[in-house]
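Note that the chains are named A, B, C, D, E and F in the order they appear, and that numbering of residues resets to 1 at the start of each chain.
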Amino acid sequence: MASFDVAGIVQALHGARSDWRESQKRSREPGGREFPSREAVGGIVESLKGALFPMRLGPPDLRQESEDFYVAHTLDAALHALLAQARLELRYSARREGNGELDAQIDAKAQALVHSFASALPAIRRLLDSDVVAAYRGDPAARSVDEVLLCYPGVLAMIHHRVAHQLYRLELPLLARIVAELAHSQTGIDLHPGAAIGAGFFIDHGTGVVIGETAVIGERVRVYQAVTLGAKRFPTDDDGHLHKGLPRHPIVEDDVVIYAGATILGRVTLGKGAVIGGNVWLTHDVPAGGNVTQAVSREASATRAAP
Amino acid sequence: MASFDVAGIVQALHGARSDWRESQKRSREPGGREFPSREAVGGIVESLKGALFPMRLGPPDLRQESEDFYVAHTLDAALHALLAQARLELRYSARREGNGELDAQIDAKAQALVHSFASALPAIRRLLDSDVVAAYRGDPAARSVDEVLLCYPGVLAMIHHRVAHQLYRLELPLLARIVAELAHSQTGIDLHPGAAIGAGFFIDHGTGVVIGETAVIGERVRVYQAVTLGAKRFPTDDDGHLHKGLPRHPIVEDDVVIYAGATILGRVTLGKGAVIGGNVWLTHDVPAGGNVTQAVSREASATRAAP
Amino acid sequence: MASFDVAGIVQALHGARSDWRESQKRSREPGGREFPSREAVGGIVESLKGALFPMRLGPPDLRQESEDFYVAHTLDAALHALLAQARLELRYSARREGNGELDAQIDAKAQALVHSFASALPAIRRLLDSDVVAAYRGDPAARSVDEVLLCYPGVLAMIHHRVAHQLYRLELPLLARIVAELAHSQTGIDLHPGAAIGAGFFIDHGTGVVIGETAVIGERVRVYQAVTLGAKRFPTDDDGHLHKGLPRHPIVEDDVVIYAGATILGRVTLGKGAVIGGNVWLTHDVPAGGNVTQAVSREASATRAAP
Amino acid sequence: MASFDVAGIVQALHGARSDWRESQKRSREPGGREFPSREAVGGIVESLKGALFPMRLGPPDLRQESEDFYVAHTLDAALHALLAQARLELRYSARREGNGELDAQIDAKAQALVHSFASALPAIRRLLDSDVVAAYRGDPAARSVDEVLLCYPGVLAMIHHRVAHQLYRLELPLLARIVAELAHSQTGIDLHPGAAIGAGFFIDHGTGVVIGETAVIGERVRVYQAVTLGAKRFPTDDDGHLHKGLPRHPIVEDDVVIYAGATILGRVTLGKGAVIGGNVWLTHDVPAGGNVTQAVSREASATRAAP
Amino acid sequence: MASFDVAGIVQALHGARSDWRESQKRSREPGGREFPSREAVGGIVESLKGALFPMRLGPPDLRQESEDFYVAHTLDAALHALLAQARLELRYSARREGNGELDAQIDAKAQALVHSFASALPAIRRLLDSDVVAAYRGDPAARSVDEVLLCYPGVLAMIHHRVAHQLYRLELPLLARIVAELAHSQTGIDLHPGAAIGAGFFIDHGTGVVIGETAVIGERVRVYQAVTLGAKRFPTDDDGHLHKGLPRHPIVEDDVVIYAGATILGRVTLGKGAVIGGNVWLTHDVPAGGNVTQAVSREASATRAAP
Amino acid sequence: MASFDVAGIVQALHGARSDWRESQKRSREPGGREFPSREAVGGIVESLKGALFPMRLGPPDLRQESEDFYVAHTLDAALHALLAQARLELRYSARREGNGELDAQIDAKAQALVHSFASALPAIRRLLDSDVVAAYRGDPAARSVDEVLLCYPGVLAMIHHRVAHQLYRLELPLLARIVAELAHSQTGIDLHPGAAIGAGFFIDHGTGVVIGETAVIGERVRVYQAVTLGAKRFPTDDDGHLHKGLPRHPIVEDDVVIYAGATILGRVTLGKGAVIGGNVWLTHDVPAGGNVTQAVSREASATRAAP
């Protein structure tokens, strides 16, 4: 008969949890988990997609003359759901920081943040329209703006990013992170919510793209798969702790193109209109209009194989 | 009390949509969305997988003596569902091109296309069998062809690709694209439906592989993760518009192996049996049997760190 | 009227299946599919996640004082479900190898394997705690260990890996593979279940990471996106068959850091504390404390574009 | 091995279907089923319930200040879904009657009918409010109007009935029937959509109540479980065909009470304020204020049982 | 904080279960529940409905030219699922009776029973067609045979009954019972699977109808709501145990009509063409053509109420 | 184009709601619905069923040696879910009665009530065991206690009733009502939660049974379908308001049997061992051992029909 000493394993797992909690100096958590929910945030993002693009990403049976009804109801529900998640994040932060913030203060703050978030949505829609146009113009295989909106992983990543970036700016970094990771998982594109990205941004193919927290990107920039805009090794203080929050990722000015696999590290600046070739490894500035390619010596040598 | 001026935001979003529609010269769309559905296409592909490999990808309780019943019913339903999606794509194209095609003409055309698609399925199954065998032979970790079929992302990507390529050849590029992106999202492998790929193709690991629209690949070719078969910068005409549809991706002949991270760009030819080393960056032809590795100077230098 | 000659296609597909089965020397499979199920294994892994981290990955309404009840019930159900899948794998292997093992023997063996697996869970939890701490310490953008556990794809990949590795050691390679591929699909991180990985392992960003079957990794190692720990070309015997199971992937000692895009191939050793730069291509040993960067000549040349 | 001669049974079932179709003089039905869908109608009714009672039967997270958004969107979607079902019913009728009505005519008619239906909704809500109040007043066990609305099967039956009756009046008898049967199945209360029922109607307990097509019921009427307002044996014409559509069920005036199990048959009139006792069998008129009880002789005789 | 002494209650419930098992002389049940599953049987019945009436109760997108594919696949799956449930019932019976039947014997028997069941399906379809026609002819409110098939609870009950009766005849009484109770719950019509019912049976309204195990009903019989064909008090033997299995319910010959609420008890015979009035209580035979109504004295007396 | 003046109807519905709220003297409800949820209560009851009968009504893959784990986890979750619903009911009551109870008081009270409820569960299980045995003994068609537990609607109704009655006694009448109505809808058996019912109660067939709030039923009582234990007309005070809460339903002593369709009204007593015949109408006491049948005159007269 199958018998696995479940009781013994349960006890050992209990011990492991206790040790962890002690090591983390955690008090007990009465009353259940209090942490934003990935599922809830996922639902909110789906609703926001529908509210932003009702005839394309809303329900299939929507008709144009009823768009506003749908948008109003969906937005209202999504914003209140977001309010609940924002409260969870703010309370979680308050508990961790022990800053003694009262629930009422937190609720008022959550309310104000979601209000700001809501006001930003029309501008987000206009930015996303510019991204869609950029993708359509930038890919010779694209047949219509609708195809781009519905099929391109880079556009999906940008819808998530523009929502996540707004949450990040409003100091809801955890919600922002969840929104970003939902897109990362679907697309392989890893955009930190902190990255500031201008209008008309186009990511082609996208798998493996990584853009860091303090990156600043201008308008009409185009990047291909596996491009990294990263940090160099992190500065640490005398105790070996990481300095957090310092600008450490590249600045990319308007109209720059970065081909597949290029890696640009540190707080360097790529000047307006610069073109960075594929697989280039770059840790210094590039002037406006500059054109960076790999050094000749990197060309591979081809030899006929022995018979 | 929470109150977010939903009415105001709805109005602003309405304005953003109006501006977009005007910029795109869109007429109103009475009667709801008319565009192929990602969910519907996803369902069709799942059905086709079951019809192609009933005892492995069909329902878990299927028995071998009933395979044909299952295949017949599933195929019949999937083909009619595909017919509906094909109509949506053709009508969408006709509307955009304003070519005055009548619904009856479109329906007849959709019918003919799906008929052709259906006829190609047995050949697709045989090609996929060759891909499964190739994966089994090419990976020392593979224990059985069943494991390969059920677990390998490269095989999943090829099932989608061989279906998508057939749709692409039948001039249903949008359906083809959706089929391809469904696999891209699950595997990180981005195969353009236009790429022509011979029998016995094996993609190992796969994340980050990108193969472009006009690539042509022979038989028994093997590629590893993060390989790109891409285009060089796109040619533009005098007005700066991209030339679309020109052959711009590599030709890869039989028995070529391309190791991880290699990037091959432009309409170059890799001759029969050539081997391309990892991370190689290549923009010219390689003769049959050629062996391309990175130049020596790219070898990294190792030094002992100071104490 | 739509009519697709379904009967004809069914017959042709039947022929393709017959040819395949003949080519594979398959006897008929009476009584339905006998193969582990991806859905079932996925459900088991979700249950194990809940049992390992009840207040974070268990049901949202769980409270701390009831954790053990939940863990006991969930674990019990998951282990018995795993037992059923283990039986399927062992029977499948026995059938393929024709080793005449009896069902009763197989059942006893499955029982023993799952018993061992269960006993290892507390140690797995402690290892995963070390991974969470490593991620928190290693990423300047991380705000809390909870965020790391809930949001970081690298942590998700390691939960799957530590479960999969245990299954692999117990000689259930197919179940192990399915567990690994479930994470691969969600994260783009491809960790072979055979890889032996020490405590405190951190994968940042992660998309495109590939770690091979015989890799051995020490404690407190850190890797970034697109790092490959792979094999060189596979040795074949005189008949051209691959040698399977030989050690062929790198050994990485404690405290090594490997930056994004680095490729390390073959049974080389990276000594304790070594640092491997981004995009480095490496096929030889590095001494302890060694610091490997790309050769200077690989620096790209920047020139101002002609007006 | 299990083998059930499925092919033989399929053929026999095919024969049975052919015989049926021949007996029914059915032509072939190309293009699939064209008949209103029970599932679709069920979804429409659920939406209408939410639109009629948003804070009680709408989504649990609705808040009062957003009611109108929810109502507008839900109603819009429900009415268009109803339009689709109305078209199906009208086309089905036209096909059966062979009246040569064109699709365009049918669509215009469906449009007009649903328009009328929509206009009647506010009046339906007011009637239902009167029913809720009547139930609250009529049942000593009722604690609040909310309990009545949410828990009483009689109220559920009346919500369905008032919707179904409106559909019936608009000559969509099939949709009306489906709406009624959905409530019948949940409550055991069988109200024919044709029955005309005044405000403030209360059905207590309800199981087994049957009210026929041509019944006419005044205001503030109360009935208990297992009451039948039925027809006497149906009149037939000389050929033995049933006369359809004749008034054949009772007229019940205002303020009548009918206790459990009473059966009232035929086009009789129960005058204002009449009280009909339990289990009474009645086939003639009762004057206003009349009080009908069972004849004395029906009292049961009680005898002490032999030891 | 909420704390409910769950451990104590669990122990007390454990005690209650132990006492029960002891009182029932139950041995332990290793290996989990072995009993037919209501959910599984429900799924089988839904499949059989689709196989019997593919264009009406099968999938909404089925087309007539593909019916046989659908029927074959669905039937095949349903019969094998039924085989599994039949095995569970037979094993359960064997365990309870301790008759030492071997699993192999049971499996062979299950196989034979399901084979017989399958062969009966075409005849069941023809009987159900006769029921549909009977309902259409018998109800002045019926507009089409399709409406009858899709909306009438009496027809739903008969579909379940004719399946259940076949299972009952094949000595699978538990499966038969589950099939019957599924309909009972939806319709309020309680037909014991043992009842033998001829062609063209029509139950109008239906709620409260009860027909007992040994009832025998001829052709073209019609019954209304709340009709009971029951047993008189059960005969017991000297020890007070019930005699099981004796004929104890009425025989109803062809063309009988029984109006609402009539109760007929015991092994009486209603002769061909008899008509039984509403609410009649009957415990003796009625000759062919007989017409039974309530005695005059039962007419209720109506008096004007005092002011 | 379809256009239904949704805005106008929304406004009219808004008006209807305003009128209703004014008529009910409702203040606004900020913050959403606060009322127990039928879905939530349904989920709780399903969990309790599993906790009470784990091997029969719990998950299908449960094994006997793990019962307690399952019971503990399920019970814990169900009790906390019940606590949440109890709070909603108590707050709703406090709001309606305006009794100024504070949330903290309400929470403490809810806690205490659910604690009491939990303690009663083992006794409820023992009572239900007695009901199962009674059904098995009382029905000649029953083959095993398992069949009875899994298939008999009367047993389902009693599981719900014994839970509901405990909630009723703890003054959670709304939750009790919801539990009861869930069974009413599935079985057609309407047991008011207030009814006090002794051990070994058996309801056969059950459709149409109604038992009122203040009924008191002894041990080993048996009732058949359509039996009513009801109140006579309700007493009203001088203002015409109903007296609520008075004993107004029958007392049924031990070992009574009541056959189908009998109606017993008012606070009468049926003495120990009495037998009440089918369809009897009874409004006075019956002595112990009494045997009540219908008066002779009610026998129907049978006449041969004219040829």
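The rule is simple: a residue touches a chain if its C-beta (ideal position, glycine included) is under 8 Å from a C-beta of that chain, and two chains touch if they have at least 3 such contacts.
Owing to the predicted nature of the structure, the values given are computational and were not obtained by experimental measurement.
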{"item": "Equivalent interface positions on subunit D and subunit F, same or different at half", "value": "different"}
{"item": "Longest centre-to-centre distance from subunit A, chain (CA-based)", "value": "E"}
{"item": "Per Cα centroids, the chain farthest from subunit C", "value": "D"}
{"item": "Superposition rotation for subunit B onto subunit D, Cα-based, multiple of 5°", "value": "180"}
{"item": "Distance between the centres, which are taken as Cα means, of subunit D and subunit A, whole angstrom", "value": "53"}
{"item": "Euclidean distance of C-alpha centroids - subunit A vs subunit B, Å", "value": "25"}
{"item": "Where subunit A touches two or more other chains at once, by residue number", "value": "1-2, 6, 30-31, 61-63, 65-66, 69, 72, 76, 80, 188, 207-208, 226, 261, 279, 294, 297-298"}
{"item": "Of subunit D, residues touching subunit F in the complex", "value": "51-52, 54-56, 60-64, 67-68, 71-72, 75-76, 79-80, 83, 111, 114-115, 118-119, 121-122, 125-126, 129, 140-141, 143-147, 150-153, 186-188, 205-208, 225-226, 260-261, 278-279, 294, 297-305, 307"}
{"item": "Residues of subunit F defined as touching subunit C within the complex", "value": "59, 61-63, 66, 69-70, 72-74, 76-77, 80-81"}
{"item": "Subunit E-facing residues of subunit C, complex", "value": "1-3, 6, 63, 65-66, 69"}
{"item": "For the subunit F and subunit D complex, residues of the former touching the latter", "value": "2, 4-7, 9-10, 12-17, 19-20, 23-24, 28-33, 35, 37-38, 92, 96, 173-174, 177-178, 181, 184-185, 188, 190, 192, 194, 207-208, 210, 213, 226, 228, 230, 234, 242-245, 261, 263, 265, 273, 275, 277, 279-282, 284, 286-287, 289-295, 297-298"}
